[in-house]
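Look at the two complexes coming up: chain A is in both, with chain B in one and chain C in the other.
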Partner chain A sequence: MATMTTTYSTRGADPATAPAFLAPLDHLRSGLPGAALSWVRDLREQGRERFAAVGLPTVRNESWRYTNLRDLGKLTFQPAVTADSDACFDVLPTVRPEGHGPRLVFVDGRFRAELSSTEGLPAGVELLSLATALTDHGDLVGDHIGRLAAADDRPLVALNSAYLADGPVLRIPRGVALAQPIELVFVSVGAEGRATSFHPRTLIVAEAGSRAVVVEHHVGCGTGTTLANHVAEIFVGEGATLHHYKAQREGGAAFHLSHTAATVAKDGCYDNFILTLGGRLSRNEVVSTLAGTDARTHVSGGYMVRGNQHADTTTLIDHAQPNGTSREVYKGVIDDTARAVFQGKIIVRPQAQKTDGHQLNRALLLSDTAEIDAKPELEIHADDVKCSHGCTAGELDDNALFYLRARGIDQETARGLLIGAFLAEAMEEIAEEPIREAFHSLVAGWLEEKR
Partner chain B sequence: MAAQPETIEQVRAVTEQKYKYGFTTDIESDVAPKGLNEDIVRFISAKKNEPEWLLEWRLKAFRVWQTMEEPQWAAVSFPPIDYQDAHYYAAPKMKAGPKSLDEVDPELLKTYAKLGIPLREQEILAGVEGSEGKSPAIAVDAVFDSVSVATTFKAKLEEMGIIFCAISEAVQKHPDLVKKYLGSVVPYTDNFYATLNCAVFTDGSFVYIPKGVRCPMELSTYFRINQANTGQFERTLIIADAGSYVSYLEGCTAPKRDENQLHAAVVELVAHDDATIKYSTVQNWYPGNEEGVGGIYNFVTKRGACRGKNSKISWTQVETGSAITWKYPSCILQGDNSVGEFYSVAITNNFQQADTGTKMIHIGKNTRSTIVSKGISAGKAQQTYRGLVKILPKAEGARNHTQCDSLLIGDQCGAHTVPYIESRNRSARIEHEATTAKISEDQLFYCRQRGISEEDAVSLIVNGFCKEVLKELPMEFAVEAQKLVGISLEGSVG
Partner chain C sequence: MIEIKNLHAKVDGKDILKGVDLTIRPGEVHAIMGPNGAGKSTLSYVLAGRDGYEVTKGSVTYYGKDLLALEPEERAAAGVFLAFQYPVEIPGVANTTFLKTALNAIRKHRGEKELDAMQFLKLLREKTKALGMSDEMLKRAVNVGFSGGEKKRNETLQMAVLEPKFAVLDETDSGLDIDALKIVAEGVNALRSPERSMLVITHYQRLLDYIVPDHVHVLAAGRIVKSGGKELALELEKNGYRDFGVNEAA
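So, the complex of A and B:
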């Protein structure tokens, strides 16, 4: 029988790259938060050992065949130090017109209490930094951290665990519905003349029957090279709904790597949308496991790259129980010499009968040197299912362009209209209107920059 | 639904007699000792009386092969193969170069008669005979274990300048053509199984269609593995010169045995300007029994090069046999406006595993490719479509359309789709669609209501599902293939 592949192979790893990434740990380890907790020490040590054994993935690793981390491996990263991160910000990104509400701000991976706020949160909702949680409430996160994002087969998750220190923690108690979105702001600053790395860990626990909207902003300021190596673990309880939106607008010298693992219990819904605009090299891995019956997940996004940007979207929808529904809609726009990668896999386990899975990825190439590599995969082990995927690549429709030009619309405006319309199909997947509007204006800004 | 005991019994009866080609021919054979080393390579080359350059090429390949590793990426699993535990040459004993069929061992002739393969030059195929006008004849090259035993209609084809013969004969009679094209599409360093084939290939067919000639009949090779503990390594080379056309069919069967046997073939196609090659396969190697014991490992490299402008290569395959299939008939679309097609029906039942698909490499301007793949998985079988569509920067206006559908029958089997799409030209348009479903209760009910038995209904529905592909087969094959589709799925419902 064929092996059921649920994990990425570590074949094609490069242990030689490990020491440079792990060296700074020696000075750091004792000073990291939660050093008194044995499970934290174990998790860090396992991560360190695992990464030391495999190093960065190479293109010989099937999951990384289209994304080469060679440039990353050549750099020597220093962990962010507090002094570098004291830069000030006039305006932090937000989707709230009024500008205030609950939010956590992280600068180079470190929590910044003076920029954060928990105002307006109902009683019982916990929103705090992981560093605080590890120091003051170790039991709060001990049951969840490290449970979803397995380090065995993902070297970058292992590296994240080795450096486990800070990141947002959110727990929404049973039956609580949050009225306003919670914003998580990650600012990459870095430092001139050297490369800075940080490894935030996000934990979201939405207990049974709860409902919340979380919006992540990833922005860059400063010109130093940065590596943000994010891992998020997300637990969606029975009948709970979590909308999780992310806009990534890091700077041109930023490496943005992110692994999000979500598990959805019976009747729960996990809704993820990622808009990728920034970064020199970015990779968003989303793994959504439908672990209970009648669970739903939407995993969608838009990626827009130009210059010599590289954006990788890698998703895995794991239908582990019957009656699950999954839906994926991705749209990509690739210009100049940029390259985009889409790898989407749907697994339907033998017991996951009556699964309904749908995936769509469409890419638009705007230049002669742009490239798209796509690998939409289905792995089906149950017979009574409906699964489909569609994948297309092409350029702007000449007829549509001509139609607009014939009505006196200039070339650039016409192209902008068509690109916006092309992306709209993905943007429609954002259920929350204010957030959809905010993301729309980010797209409009991107189009504007081109002109 | 739960099957009635009598249904189960009936199904077993059908399944057990299902593989009707599982008999063995009792014939004296000339067999090389077991094992694989340079001496065996030299032995094969000497048996074939090959020129020095070919022996050197084989040895080069063998040396490369020793440094290679078996590919691990396919979604198939099997115990490691002991390459030393097989015979690499087996040939029925017969007089050197029989001049006519009368000199061929009657046991062999009987075997082909039993398989329904015409070795006498006659109008063929029951059911077509009575039809009006002349039914097109088929020229057959019959390969038995390691050698070609007969090729029909050679003289008639020669009148038109068409060369159709065993590749070992082509090496003797047309060395320049063989030397020019052998390994030009699948180089001797290509992959583990193809490289092994380069070192130890024994026979296969050679076809050359001269400029502007339309081959008047279907050309066909029938491969038969008979000897136990042998591997079959055939090599086929088809060249269609400018403006020519050829339709080629390939069939294959093997006896039922409890051991797995390796079949690692290489097929190379070359189409020059305005030439068309249509290559159809009905693969029916012994698939193993219901417990997954025995069966052929079918690890095959097939590739066509559309070298010329407006050339076309079309692959059609119906894959019902083999314990494990690892096969990706591909097209390199080099000439401007060239066309590649891949139509596939793969059916896996019981413990069969198939990892199959195609590669379409678009290099020239306005190149077009179409992929239609229909996979049906039943029993405990696992099946994967694996394909690559690659558009290189100069392939202005390239087009691809891919449709991959899977049908699952029963809850123990798997169907997987792994397409790779790589585009480096914005004017290229690529569309990929895939679906997975099961036979709907409504469709079954509709048929059952009209008095069609459940098995027949499934066969009917599956044939409908496969129609897009089966219609690409030459007519005689299509009839056979439809029956095969039905037979392969027997015992899969209930």
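So, the complex of A and C:
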């Protein structure tokens, strides 16, 4: 493949930004795990080549129209070195009130075995770091990595592939139902005085008839600028159910870019919920493809931004087979001069008859300078389908606010109650109560901070 | 004691209240009657502290304090309660959560200990039983999907839970059939006490058959034009408001 020559369109791309992002690779490449595997070398090389040709996307790229990576392009990022400052995360987050269960912890993108645990997992379940998998179980990941997250029109996926080294790998064997959630904790630490980047790759394979709940925590500590450029590839087998939750609350100097690509086989179900609270700039791309008949996907979330934060949610639901159901419910709360972007696209392929697709995005603007850019898109090629979308932006209800205050509830608490109520519709999409509760507390914490 | 003196207020740049004088002593129930547009609701919103109701002249002294200087929540904490003519629906906020937050906010302000979930539920059970309200209504979002009667019962429940010193009932009878009206009136009467004052605002005399006031005032064109005992309400029922220069078909 290395001999193939390809020309790439640079429309909406800025190749000039590429060298700075790729330069550190030259020192790294030989030391990266899995260097002995040819498919790994190829994947990295293709990613490097692709990114070198196009660089960061610009606002002239239709998919990046509302999210400008200019500030990112100005920084010179160093790849993360082995983090040794543990002081800042003596208590790692968990959704389990009784303490954490099975979990993998990554600090600046690198697996930390001493903070992780795979105890209590049923036999056959594999939960390990990609670095270990590449060294010891190349076959497990070789069949899946790079299959879903196509680098062709996604420069950041290409960049992630170029640096492919570590991240969580989870395989739930056929018919196995996990009783407890698996937690994936990503801590961005960075380093004082320089910008640090890392490119974790997540792989989840839920085999036929299996059932699992995965919760991702993205937290930050330290004041150094970080770029977490995540890519996740998720395979949901026939009749399998995967509930995938994520809470992102990195610090104010964090760039959080994430691309999640899922494929759902016949009768399978993939739920994705993302709560965005942190980061200076974040973008969550979720692509869920209903590749089998009667498959379901729920792709939802809440985003709460203030100050000069920017949060982008870009989703694509691809109905490729008949009788699929998709549901999207997003709620956003935007304060100060923060800005949020919602781009939601539903494609219904010609053969995907009897598709039922529903999409909703509602934004609550708490200040005159807060901004939401919403772009819902339906692309329907079948004739017997039910699809709807709704996008609204509004303010807090003054009548409700006065009513609460007239009962003795102070203004900030009243606003908090109403904001919480506004978000409730999205939070209800979290099927597991303990996780919903844990995410509710994060929202409550966000509201507290304001005061 | 509540003393309203020469109260003038504007809404949307229009003078609505043009010199209201009224004194209400502890334990007294006063009724304000008046035709549409007389300024009845404006008076209730001015007392509760709603934005957009601008007081241009006059004062309201509440147990020695300048009521108009307080934020709405501070007035509530001081014991002022407005039973809304149109209770607001708040999707996503459970009725119990709302009541508990309100009660604890007020208790905190009074320097009392906040109630925990158990203590609060016990109190709530007692109060709801008297009003014939179901547990289900408490679990639902505030006023969402409530009938007119349920909304007014919910206002009465809030009053019972928050135990105000001064309650303003704005057109509590509007939208109620006679059975609902009786239930609400019983709830209100149960709250009458020597320490609690009430101001009952209504267009019709009917409500005053059930909540019998000590004093009745007629508000017309932004002023109190006549005051008397409860018999004044009956007189108004018979003659309408035309004696006060108001022509109403009703």
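As a convention for this text, the second predicted complex is superposed on the first by the 435 of 451 C-alpha atoms of A that agree within 3 Å, B and C clash if a C-alpha of one lies under 4 Å from a C-alpha of the other, contacts with A are read in each partner's own complex, and residues count from 1 in each chain.
The rule we apply is simple: a contact is a pair of C-beta atoms (placed from the backbone, for glycine too) under 8 Å apart; a residue touches a chain by one contact, two chains touch by 3 or more.
Owing to the predicted nature of the structure, the values given are computational and were not obtained by experimental measurement.
S.K.: Using the touch definition from the top, say if A:Leu140 reaches chain B (first), chain C (second), both or neither.
M.R.: neither
S.K.: Counting only touches as set out at the top, which of chain B and chain C does A:Phe422 meet: first, second, both, neither?
M.R.: In the superposition, A:Phe422 contacts chain C only.
S.K.: Report the partner of chain A that touches more of its residues: chain B or chain C.
M.R.: B
S.K.: First (chain B), second (chain C), both or neither: which does A:Cys391 touch?
M.R.: A:Cys391: touches chain B, not chain C.
S.K.: In the overlaid three-chain picture, which partner chain does A:Glu62 touch, first (chain B) or second (chain C), both, or neither?
M.R.: first
S.K.: Would you sort A:Arg405 into first (chain B), second (chain C), both or neither based on which partner it touches?
M.R.: second
S.K.: Using the superposition on chain A described above, determine whether A:Thr413 touches chain B (first), chain C (second), both, or neither.
M.R.: In the superposed model, A:Thr413 contacts chain C only, not chain B.
S.K.: Quick check on the superposed pair: does A:Asp373 touch chain B, chain C, both, or neither? Answer first, second, both or neither.
M.R.: first
S.K.: Give one of first, second, both or neither to describe whether A:Ala382 is in contact with chain B, with chain C, with both, or with none.
M.R.: first
S.K.: Which chain A residues contact chain B in one complex and chain C in the other?
M.R.: On chain A, the chain B and chain C contacts do not overlap at all.
S.K.: Once bound in the complex, which stretches of chain A touch chain C?
M.R.: Per the touch definition, chain A meets chain C at residues 397-400, 402-411, 413-414, 417-418, 420-422, 424-425.
S.K.: Within the complex, which stretch of chain C touches chain A?
M.R.: 48-51, 71-73, 75-77, 81-82, 84, 87-93, 97-98, 101-103, 105-106, 109, 141, 158, 162
S.K.: So in the complex, the part of chain B that touches chain A is made up of which residues?
M.R.: Counting only chain B, the residues touching chain A are 72-73, 75-77, 351, 353, 380, 382, 384, 391, 393, 406, 408-438.
S.K.: Under the definition above, what is the set of chain A residues touching chain B in their complex?
M.R.: For this pair, the touching residues of chain A are 1-3, 5, 11, 62, 350, 353, 363, 365-395.
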